[in-house]
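Chain IDs A, B, C and D follow the sequence of writing; residue 1 opens each chain.
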């Protein structure tokens, strides 16, 4: 059974409780930042900050609006990080769909950072390993909701069975459309096989306003690397080794006695 | 009063909120070959206390998880503070301040000793409670003896003290406020304000 | 002096050290790279302390290899340009492979195959270095570059390792005594005359043996 | 709150004004969002700033800080002239029909009876009949009935005038008015959520009265999803008010005045008389509450013969004033010797920090009990810690104040009850012990009190009787158990020594003792009602009668009788907190006699009128709220330029006249909290410090462009009191407003920083004025004037 988070951005009040609950539950070290000209806690996610509310002041239909949306691991069905990860067992997709990092196995190469179409994993300068939201796998394993979900005051965040959440997201979208938000919709991008973090957006035609990529997918170079290039490499390496072996079997080593000399004098002086 | 937290918490929470999640759908480790890495729940062996968030007046209930049995030489340590799912007010949710109450209780800036600043001094010095109570009571008595009015100019009994003011209380319980009231009226203090009036 | 007692110096100590530094760093980089390249070969990582360790060491071995390649370039680039004979030689690669040496134009100090290996290693080495540096610092490099590097690095490695595999075969089983040349530095006049006639001639002329 | 947090979910319209619940009460705001989702409620947000509340509202109207009465007056005008008020409710449950004496009027900024510095209120009184009851006209047609007077008073508040004063457009006002007055329908209800955006004005009480008037006209008081709801800012700000501060004893009993020399005189002045024949006039029970309090305070020493110890209570001089502004001004003049502060930080949170610093330096001694070292505790070091902000402050060597900083316990280290905004008393447990040598507050108070008493017993001194007769008979006198205190607060029948069940059992003959009558019922013979955890919600309205305990009498919605019509049936069948079943009222604890049939009493049992006051003659500056400008304003009052500010505005200015003019300080400053921080506390915690590490100044984009200020540039904000510096956050969320035709800018100042903490920054109260509301003595922290400069 696949579980998911539903983020109804229309109910988000940017209170950042989820940020803190995440920090607190995961015993993160807090960092004191510098002023960055915004209400946003920090410009970007960090190895010790897995869940960021992005604040975006935009104008919609001539009126001021302030878009707040949660930014964290999307737990993709087809995860770019897993596709890119070279260390066996370092990233695992659990039976419930959670994409979790196993830090004992992480080698800190950062390929997952490149593979992730949402730019989520972050390298710790101290441990040289990569970190991101675990969907509180320690909590979900014992039947508790992830910390961010539990703390969310406005029910902007819900946790549950993915299909059920998709259904309620559809209902919510219909409500919003009826309420005059013609562009309302669900963000569950197909390019990564759907995400286990699903958004309801007031304006699904512009996910960028929420800091979400329009058409995320596993990068083709990652697919190339993990697919065709592996085959090509295997062919080249095996071809070289076998070719050399059979060359030796058939022709043996070069032997001046047997094989005659090249032309003694240069035909063309360089 | 205290219960060991367990899966039961979740079940009561679900029952209370009608949430649709259930333990089985969160991917219990048994069905999960790669779950061995999952850390043990940090609240697994804690004692749970019920409390109320000390910040704003929404009145969210919180569960305080502690380790240590309060034996004579043990000061129990707070491991985690989380919203109480049974509260009809917050149903387990908390705001960013409430969600980090553990930081507040266990802040390394908490005062742990009586600090004293002598007139004109540039630094704090430490004081024992006994010394502090002795000095403070003497100061209060001196000011009260100087300023207490039993009768006003018209000879009416007024029993008041106007050269000492008291402030505070809104960060503390009703009972403390009641005691502060007795303290105040016992001394005869009229100038008494608190945050509710600012 | 009998001809078969003569030792023609082929690689001086400087070059030998250079070569073996390149060889060792390459083999280390290649093996650790292969470990990271496919889970099938991930066991190779444990030969060098495990995945976390080789994530740290692999880039440095690559840097070392690149430095040595640069060194080689300074030392050998001039002798590695193809001349007219080399171009003909390359068209007759099949003759070389099937030991029909009589049909080949004479080679200088390095034959055209060696020269091509040199240039291919310079090229792939450069590509490996650039893409490797990009991959080394995932948080500092733009994602577009990293995405290009993620494909370019293994592609270059495939070319590079493929070439080196052939090189190792040539240097060991296929051409007897060439290993001695790179280990101890000398070859016999006979060997020189057979494999690198033009180089041999230069040596012979300078030694004034005729 | 007349209602409660959980009840907000029952609203059809939510007017958020003078508050920003999404940021400051996020968990309370969940019920707003629930109303929005479940009931399709509309959220109207009226605020100078486009806040996080505005971001999720259906209608946002920016208004100039301090013009809320103009806006609400406009709503009253709109409702009355467009017949968008609940007439039946207004006739039955308000004093709209009451006749006012001849001669009442309003002209040129003053109500009738203005005499230079005060009002002669004789023209503000009800016209009484021979029995002393008010005359009424149920048709609301009499020219001197409250309704007609109100209509006339607000005739000036047209949408255009509102726009001119507030700076919004008439269209914006009308859109909001239309949404809000939907609640005028009998089966609709609307709530008002406010906080310090209303109370931090020099006309705060009038402002809240204006809101109450709107709600009464809409028929929203007593309704589920209705009410006037103050969102209180500290965990027990409600409880500490209930327990008495300023000029109050516990339970809103007034501290006696010097002229009330006997209990009888006190009771005569303070016990109201009914103004309608049937009015229950519950405050008529004042003798029972007061006598029981005296019995709790003085125990066996309180006897009928000695007026139950009434004489030992301190008396306020008849015109005496001991509000914040008054006694800090006295302190500033060197009239005070000592200050005792339990968890309060006046240097940070009092207006005009400079004055606070000087005032404290004139004390002989100061005792501060705290969790953290605060700006107040370290006030003597301000010059070192914040040299830039306080160049003129005295240095530590020059300050002779002796300071005791006592390490107090935290909420988690104590039990006891907090009262939330909903008036719910919620009991908490002791989870752990205080750190190090930190001590629980009850122990600090008790030991200090007992030590003082010991000195008086030993050495004698002035005023021994009041001090030594105060009861302190706790099982552990040095550290009273809070459960024992709570039982004393609840009250006990001294004849049976049983806990009383509620204030209905209190007596005025000395046979009951009760520490706070409004809390009576919180700890009965059935045990601690405040720790109850029942989940039942029989009305389905989120009243949860068995979760904790609500004052008064576990009533969850105040004035709930008004939610039912003349037959005791709910105005809205789907939302029925109270129904008359023919014999009794069912549902919430009725704000009525439980077995009195609907018509027998008027609904507002706490008021002598028996109905709610549209016309409130007890307020000092007028029975109807009138728009006055803040003490410092960029314009003169568009309604009456010659009487611009509140004519009874209170100022205490021993520090000199410290008000600025618009020519020097052209911008309107507003102060506020951010969701990330709590007051001046969380700068001591890592988590909140991470969420907002830095102080900043919010600057409107248009003003920033004028001044060449880019996002992040350092700016200096100055007022007539002082100045501060910080980085600018340039935003379009602070819209330029057109007031009286001229561009008006707001400058935003979040409050949370100071000179001690994990993160530090300027105290915004460096800038705020010593201007106070005349009714409550609350300072005007919002809507004062500043200048803004870029620091190059």
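In this section, a residue touches a chain if its C-beta (ideal position, glycine included) is under 8 Å from a C-beta of that chain, and two chains touch if they have at least 3 such contacts.
Being a predicted model, the structure only gives us computed values, none of them experimental.
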{"item": "Top chain pair, ranked by how many C-beta pairs fall in contact", "value": "B-D"}
{"item": "Chain nearest the overall C-alpha centroid of the shown protein atoms", "value": "B"}
{"item": "Separation of subunit A from subunit B, taking each centre as the mean of its C-alpha atoms, in whole Å", "value": "41"}
{"item": "Between subunit B and subunit D, centroid-to-centroid distance (C-alpha), Å", "value": "22"}
{"item": "Subunit C and subunit D: spacing of chain centres that average the CA atoms, whole Å", "value": "84"}
{"item": "Of all residues in subunit D, the ones touching two or more other chains", "value": "26-27, 30, 675-676, 686-687, 691, 758"}
{"item": "Shared interface positions of subunit C, touching two or more other chains", "value": "none"}
{"item": "Sites on subunit B at which at least two other chains make contact", "value": "90, 93-100, 103"}
{"item": "Full enumeration of touching chain pairs", "value": "A-B, A-C, A-D, B-D"}
{"item": "Complex interface listing, subunit A residues touching subunit B", "value": "1, 3, 15-17, 19-21, 23-25, 27, 30, 89, 92-98, 100, 102-104, 137-145, 147, 150-153, 158-161, 164"}
{"item": "Residue numbers on subunit A that touch subunit D, as the complex places them", "value": "10-17, 19-20, 23-24, 30-39, 41, 57, 59, 63-68, 153-156, 175, 179"}
{"item": "For the subunit B and subunit A complex, residues of the former touching the latter", "value": "7, 9-11, 19-29, 31-35, 37-42, 80, 82-83, 90, 92-100, 102-103"}
{"item": "Touch list for subunit A against partner subunit C, complex", "value": "84, 86-88, 90, 105-111, 113-115, 119, 122-123, 128-129, 219, 221-222, 224-225, 229-230, 232-233, 236-237, 239-241, 243-244, 247-248, 251-256, 258-268, 270"}
{"item": "Subunit C to subunit A touching residues, read off their complex", "value": "36-39, 42, 50-52, 54-56, 83-85, 88, 97-102, 104-108, 135, 137-139, 143, 146-148, 150-151, 154-155, 157-159, 161-162, 165-166, 169, 173-176, 190-191, 193-195, 197-198, 201"}
